[in-house]
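Scrolling down, you'll hit the structures one after another.
Below, subunit A partners subunit B and then partners subunit C, in two separate complexes.
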Partner chain A sequence: MRSSYLPIAVAVAVLALLPLGTSSNTTLNFLSFALIVALAAQGWNILGGYGGQFSFGHAAFFGTGAYGMALLQVRFGINPWLALPLATLLGAVVGAAIGALSFRARLRGSYFALVTLAFAEVFRILANAWGFTGGAAGVLVPLRIEAANMQFADRVTFYWLVLACVAAGLVLTQAMARARFGAWLVAVRENEEAARALGVDSLAVKLRAITLSSGITALAGGLYAQKFLYLDAGIAYGSWISVEALLAPIIGGLGTVFGPLVGALVLLGLGEATKIALGHALGGAVPGADLVVFGVLLILCVAFAPRGLLGLGADVRRLLRRPA
Partner chain B sequence: MNALLQVRGVTMRFGGLVAVDDAALDVAPGTITGLIGPNGAGKTTLFTVIAGFQTANAGSVAFAGEDVTALPAHTRALRGIARTFQIVQPFAGLSVRENIAVGAFLRHPRRGDALARATAVGEAVGLGPLLDRPAGALTVAGRKRLEMARALATEPRLLLLDEVLAGLNPSEIRDMLPVVRKIRDDGVTILMVEHVMQAVMSLCDTVHVIAQGRMIAHGTPAEIARDPKVVEAYLGHGAARRLAGGADA
Partner chain C sequence: MLPLDIFLSAMANGLMMGAVYALVALGLTLVYGVLHIINFAHGATLTAAMYAVYVAHAMLGVDPYLALPGLAAIFFALGYLVQRWVIGPASHGDDSNILLVTLGLSIIMENALLAGFRSDTRSIDVPYGFSVVEVGNLFLSTPKLVAFAGSFVVAALLWLLLARTDTGRAIRAVAKEKTGAALVGVRVEHIYAVTFGLGAACLAVAACLLMPTFLVNPRIGNAFVLVAFTIVVLGGMGSIPGALIGGLFVGVVESLSGLYLGESLGQIGIFLIFILVLLARPTGLFGARA
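Right after this comes the complex of A and B.
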């Protein structure tokens, strides 16, 4: 029973030791960024992967977490160690509100997806126009390198902080998957009518799922704000994070504990590698090359690995075992 | 009479169509009660109203002496009303055991307890060897058993069976009858919609007949089989007299 947490411990240990081999700031920045996306994707996976409610607008939660983190510090002078949980909470509240509006209206499938997309776009436009959020100029979190200020001289420290959050996300997902709530959430995904007949309050289950989901994604947004110390509406509420948060679990494995992490590392790793390779070959940066890779990966996954890389791995293992 | 389920004056309209018209029925505790009627008579509609999946335009449903008319389906399940679906609705991506456990979680919040309960219920309905198979891989007969197992795992006092025998071959039906009887003997009251008359005759203590949305008769299976109104509902106007006339000649 406890052994189901062993793979998480191993994966986290490997990721913790990974940066010790390198002193390159570029590599560390990339790894931190990839883990932040993985965390945002873990949030999406709870609602989308386990709950079957596909959101196209997790940017709404990521951005709320990011702006919450930045503005609580800049406008209210709150310490980042307190601002981060507050920003997470803020994202969860926004998620609960959007969930209450759309699930009470019985939106599902593409209708739910479109409504979440619309919310994220509205937030982006508002954040871009409103003076409080810095408008189009964005918000700059002042540089003050102190551990008490969640700004570290060594980039590895922040990487480990992000990793700790990812680890917490993995443990939370695993615990949820084994609990009654997880079983009910999957039942609602598979067949909502049948779940209701078995005493599952499907509305309450979906509301809990979107609250948890948006909280985790908002935490990722908060970490993003603190990592780069700058935000504008296009970054925080941009569709890039909505897309990456849903592509990572689809490519890694929907509704699995490790799917978002594996998917994010593969997705961003290949995207980055392509950008570097093309940059060398053509002698200059090729903007958008990584998006082409994302598209190709998505098509390959849908065609050949509908259960994602983890599902593909399980199939291959079974095939190899059969002749023996 | 102290009925476990009391349905009074239920009317259900879909636009201009009256699917159920002023229906009333009682289900006595510890019995197997049948609900029969020709195709399109309103049996399944009445079921969905009793289970709380649709709100009737008029009428009331009382369960164990309490009015449950306004309660949603999941709350009725918690009170002890469980239903199966005529068109089976397995959670296709889950194993048979996990399917049943979803029901068992209602009264057993801990995973270990729920899985143990699911195993016990699965074995009781004859799904023992299939518990670790994906539910999507079951045969029709297996899926019907899974429907019953999942509903039973919620530990209901009243089980609503919607055509659990439809689509089964005669030997599968023979296998299923003792399972249904055993559920009743274990203390679960059953209300069943069924088309397979041989099953209704052998299982049910009381039968209610619905035709064109109206309750037209109720009584023991033997009484029902002789009732001219019932014969006419199935075979058409005047059929009872013609049959009687044929027997005299």
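Right after this comes the complex of A and C.
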């Protein structure tokens, strides 16, 4: 029973020790960013991977968490350690509201993808136009390096904080997958009518899933705001995070505990490698080149590895174990 | 209250823009009506077509209107090949896979264009770019009037193709009942690819009509595609008259809300319509099928 949590402990331990091998700030920034994306993707994976409801607009939750974190500090003077859970809660409330509207209207498949995309765009335009959110100029969280202010002199500390949140996300996902709720959610994904016929309240299940999902993604947004201390509407509510939160689980392994984490690390690692390689080859940065790689990976995964890299790994292991 | 002339000119501009929106939406709704999928690469394809017009003009000196037939043919071929050799095989016939594959295609196209042309906004300079036609007290831009008329011509041609030709009959048969169509000898994969090609050709035409008065950057398609989604949802997924009426309506709403609310909030009107229609009546105002 408990052994199913062992891989999580091992993975988190490895990730925790990883920065000790390097003192490079670039590497640490990259790792923190990758884990923030992984956390956002873990949120997406609960609704999209386990629940089968593909959201194209998780930026709505990421951005709400990020703006929540920044504005609670800047406008209301709330301590970041309190602001982070509040921002998470805010994201979950927004998720529950969007979920209530769209799932009650029986939107699914492409329609659900479209409506989430539209909500994220509305938020982006509002945040860009409203003075309270800093408008187009964005919002800057003042630099005040103190542990009590969740700003650390040492980049490793913030990395560990993000890692702790990712670890919590992994444990939560594992617990959910093993609980009755996880089974209901998968049943709704596989065949909603059949699940309803067996007495599963599919609306309630989907609502719980989107609330949990948006909360986790909002937490990632809050961490992003605190890491970079600056936000504008294009960063917080931009389509980049909707896309990356969706790509990571699909590439890693849809509806699996480790899928989003593996996917985010592979995806962003490859993106970074592409940028560096092309930068060397052409003598300058090529904007968008890393995203071209993401798009190709997405299509290749859908075509050849529908269960993602983790599924591919399992297949390869099975092939190797079987004597030829 | 604004003077009547300003209101009327905003209306006219909205109608002319709306016709081009309708053209973009036409491609989207056609693909949806037949393949029952939402093509997320639609916006990026429009961007690519606009860059093709730009390149044809800037490097080869071809006028956008003269480039129109050639580009329409090229984009038809590209659309055909992409559906036949990429989207079809990669998605294993699963709807959510098609959604993801077209999303992947749009990411690739948008960023390949970004890598190739950088994020600068570009436009082309044609001698008739600023010429106007005087109608009463209104000055209407000639290229925009051409775009307005051109969109209706394309819609009419598309309708003729669907109503009067064997290919059109096959497309409608596949849209209604693809297993039945396959049983009577229609090559479904071929028809899917033809439909996809027609959608892409609509975008090439739209790009040629737009470029004399518009600008292009790697993300311009996104602005259009969300509007096009709104139109398609409003007009009913798969409905050609719906796309036309929806396009004109959205063009006018955008123009008037821009006039009264200002540019940045003006866009919100469209998204709110979109969300409301999706939530309240996802089959669209003119849609027949549930």
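By our rule, the second predicted complex is superposed on the first by the 323 of 324 C-alpha atoms of A that agree within 3 Å, B and C clash if a C-alpha of one lies under 4 Å from a C-alpha of the other, contacts with A are read in each partner's own complex, and residues count from 1 in each chain.
Keep in mind that, in the parts below, contacts are C-beta pairs under 8 Å (C-beta built on N, C-alpha and C of every residue); 3 or more make two chains touch, one makes a residue touch a chain.
Given the structure is predicted, the values throughout are model-derived calculations rather than measurements.
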Next item on the list: May I ask you to decide whether A:Ala197 touches subunit B, subunit C, both, or neither, giving the answer as first, second, both or neither?
Entry: first
Note to self: So in the superposed three-chain picture, is A:Asn128 touching just subunit B, just subunit C, both, or none of them (first/second/both/neither)?
What the structure shows: second
Item checked: Touching partner for A:Gly109 - first (subunit B), second (subunit C), both, neither -> second
Item checked: Superposed model, subunit A: greater residue contact from subunit B or subunit C -> C
Check: Now for A:Ile299: first (subunit B), second (subunit C), both, or neither, which partner does it touch?
Finding: second
Item checked: First, second, both or neither for A:Ala96, with subunit B first and subunit C second -> neither
Check: Can you list the residues of subunit A that meet both subunit B and subunit C?
Finding: none
Next item on the list: Flag every residue of subunit B that touches subunit A in the complex, lowest number first.
Entry: 51, 53, 72-75, 77-78, 82-85, 89-94, 98, 101-103, 105-106, 109-111, 114, 150-151, 153-154
Notebook entry, point to check: Where on subunit A does subunit B make contact in their complex?
Noted result: 178-180, 183-184, 186-187, 189-191, 193-202
Check: Across the complex, what residues on subunit C touch subunit A?
Finding: 37-38, 40, 86, 89-92, 95-97, 99-101, 103-108, 110-115, 118-119, 218, 222, 226, 229, 233, 264-265, 267-268, 271-272, 274-275, 278-280, 282
Item checked: Residues of subunit A defined as touching subunit C within the complex -> 52, 54, 56, 101-102, 105-107, 109-111, 113-115, 117-119, 121-122, 125-126, 128-129, 239, 243, 246, 250, 286-289, 291-292, 294-299, 302-303, 306
